[in-house]
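Okay, handing you the structure first.
Labels for the chains are A, B and C, by order of writing; each one numbers its residues from 1.
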Amino acid sequence: MTAAQPLPTLEITALEKRFGETQVLRSIDLNVRNGELVFVIGPSGSGKSTMLRCCNRLEEPTSGAIHVSGKPMLGIPRKELDRMRLQVGMVFQGFFLYPHLTALKNVTLAQRKALKRPRAEAEARALEMLDKVGLKHKADAMPSELSGGQQQRVAIARALALDPKVMLFDEPTSALDPELVGSVLKVMRDLREGGMTMIVVSHEMQFAREAADRVVFMDGGVIVEEGPPEEIFGNPKSDRLKAFLSRVSGEAA
Amino acid sequence: MDTIIDAFFNIDIMRQATPLLLKGAWVTLQLCAVVILLGLFGGLGLALLASSGSAALRLPAFVFIDIFRAIPPLILLILIYAGLPFVGVRVPPFVAVCIAFLLNNSAYFAEIFRSGIKAIPKGQMEAARATGLSPAQAQTWVILPQAIRNVLPDLLSNVVEIVKLTSIASVVSLSELLYSANMARAVTYNSSPLVMAAGLYLLLLWPLVRVISRFQRGLSISH
Amino acid sequence: MDFFNAFLNPEIIARYLPALIRAVWVTLWISVLVVISGLALGALLAGLRAYQKRWLSWPIVLFADLMRALPPLVLMLVLFFGLPSVGIILADWFVLYLILTLVLAAFVEEIFWATMTSLPRGQWEAGAATGLSFLQVLLHVIFPQSLRMNIPPLVNRSLTISKMTAYGSVIGVKEIVSVAGSAQAFSGSATPLTMAALAYLIIFYPAMLLSRYIENRFHYEH
């Protein structure tokens, strides 16, 4: 790396992941620049979720390296890992809000316990984030009183409140009814405008066209092709990507 | 260390006590068979009453269930065994235990069956009635089989509880396992027979306890 | 009437009421101690087991199995009669308290463990992903949810074990059954036994109704 190049916010190097016998990721290299939105597509089982989950070590990589703003995620002590995870926000397909806590408390919990922010500061920050996702008025609602789209937006606020360097989205809208998808995508679009660095695994191709800086196509645990959205969607090179795209557009039609 | 072995794991004394304890274990097994069956049938009957549409049936069933869940089986047993002679009814220990256990176990089994029945969606009853079954037929052939399958783990737990509970029969001098072991302890001034009895209970119940834990196993925890 | 004279003789009721009330207090405070320490110990054990270290889990599982498979009365007798012969003398009430606490803890541990492992994996992961340490996830995310989901079984199990304080009579704890038993022997009447049963009804019948209410109330949705 030369000094002239700015440090990638997220740097995945030669990442491998095996589950027992099955090799799920083979030598993944992916750098995400500051403020970049990388959109990941690929057939089911191609390893997209596994790659994201390796980035904050919800899955333990078999080998390779991951750096966030130049600092290693792997081979660090447990305490340090908890601190590093604060820099990597994650949004799950299933939301996973804490059902026993209000929306506000969901957003303050890690701020208080992991970041040790004082209560007042954590709550102020939480309200600010809830406002950002359009749910300030639902601060005192329990997750069970929120729609799926609202729950997902609270989950985004929960991650954002920790001031992560990069946000990982694993099919954030796949569990939502179609009419609720838009509200979540809008929040993600706003985030991007605000300069957040993001990796998004999703099937919302329209969103990719509009918002992605780069689209990465994965299949069989490798990155088969990557490029700007217009290239990937308009001029796919590999047969596998062509097949995938025609299958997806077939489904959509 | 030696004193501990001598006080709790004295092989000689255990050997001496073996015939007595095996006899006691046999009584315990017989007792279990009787009281578990009594409790199952009593409980099922009560549960059906408690789940019935008519409040006149439901209410007494609930009162019965709650009363006999509230009173410790030990005092119930003593009351029956030591109390009935005062009104001229003398019951042998085995019968006293059976009566006390019937009252207590029915209440507990009834709660289990009842919660199982309650958990079956209303639609099941409606579907069964729509195919021309009477309420009683629907209850018997559609609701109950599902309910029982769902509460099997709880039934098994309760069976374990009952087997353990039979040890209170020792209080009314029924020569079951604990009574026999305690006799042997008193005669030998040594606790090893009690430890041996514990071993026999374990032999019987540990496998069941393992099975119960298996029933409850969920996913694994992620670190 | 014969029956009333035998089971509800007013004179005998009056004579033994004070002693029985004292016995009720003994039963109550031992029960309360047992429930508090049993719940605490059980929760602690479940928490330790969550670390999934073999050397920790193994003894905990063994402990929970033994305490659930052995009749508490047997355990009490082993301790009560056995310990003095190795030079340890424990007060009768302490033996009762100790055994019931351990038994309750075993059940509580199993109850918590079952839900902790059946909560969606995502709950653990969401916590970890926001930088919470394992202990913090356990304390602030997993444990409160397990507690809420388990209030009915915890209440039921606590009540069942509280009623086992009656076993104290076998080793001479001056609780309800033992006081009623000696009163019966002295008075030659079954009335004290009836009083004991009524005392339990007064204490535990409302508790049964309460547990019913709780069961209906705490249908916890996920």
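Assume a contact is a pair of C-beta atoms (placed from the backbone, for glycine too) under 8 Å apart; a residue touches a chain by one contact, two chains touch by 3 or more.
Chain labels with UniProt names: A = Glutamine transport ATP-binding protein GlnQ; B = Inner membrane amino-acid ABC transporter permease protein YecS; C = Putative glutamine ABC transporter permease protein GlnP.
What you see is a predicted model; the values in this text were computed from it and never measured.
Asker: When all chain pairs are ranked by how many C-beta pairs they have in contact, which pair ranks first?
Answerer: Greatest number of C-beta pairs in contact occurs for B-C.
Asker: Just grab the chain with the largest centre-to-centre distance to chain A, centres being mean Cα coordinates.
Answerer: Result for max centroid distance from chain A is chain B.
Asker: Could you work out how far the Cα centre of chain A sits from that of chain B, in whole Å?
Answerer: Chain centres of chain A and chain B, defined by C-alpha means, are spaced 53 Å apart.
Asker: Counting only Cα atoms for the centres, state how far chain A is from chain C in Å.
Answerer: Here chain A and chain C have centroids separated by 47 Å.
Asker: Between chain B and chain C, what distance separates the C-alpha centroids? Give it in angstrom.
Answerer: 17
Asker: Residues of chain C that touch two or more other chains: which are they?
Answerer: Each of 125, 128, 134 in chain C touches at least two other chains.
Asker: Could you list which residues of chain A touch at least two other chains?
Answerer: Residues 58 of chain A each touch two or more of the other chains.
Asker: Tell me, which residues of chain B touch at least two other chains?
Answerer: Only 222 qualify.
Asker: In the complex of these two chains, what residues of chain C are touching chain A?
Answerer: It comes out as residues 120, 122-123, 125-134, 136, 140-141, 144-145, 148, 221-222.
Asker: Which part of chain A faces chain C closely enough to touch in the complex?
Answerer: Touch residues, chain A against chain C: 56, 58, 78-79, 82-86, 88-90, 92, 94-101, 109-110, 113-115, 144, 155, 158-159, 162.
Asker: For the complex, give me every residue of chain B touching chain C.
Answerer: Chain B residues touching chain C: 3-4, 6-8, 66-67, 69-72, 74-76, 78-79, 82-83, 86-88, 160-161, 164-165, 167-168, 170-171, 178, 181-182, 185, 190-191, 194-195, 197-198, 201-202, 205-206, 208-210, 212-213, 216-223.
Asker: Chain B touches which residues of chain C in the complex?
Answerer: For this pair, the touching residues of chain C are 2-3, 6-7, 50, 52, 64-66, 68-75, 77-78, 81-82, 85-87, 110, 113-119, 121, 124-125, 128, 134, 160, 163-164, 166-167, 169-170, 176-177, 180-181, 184, 189-190, 193-194, 196-197, 200-201, 203-205, 207-209, 212.
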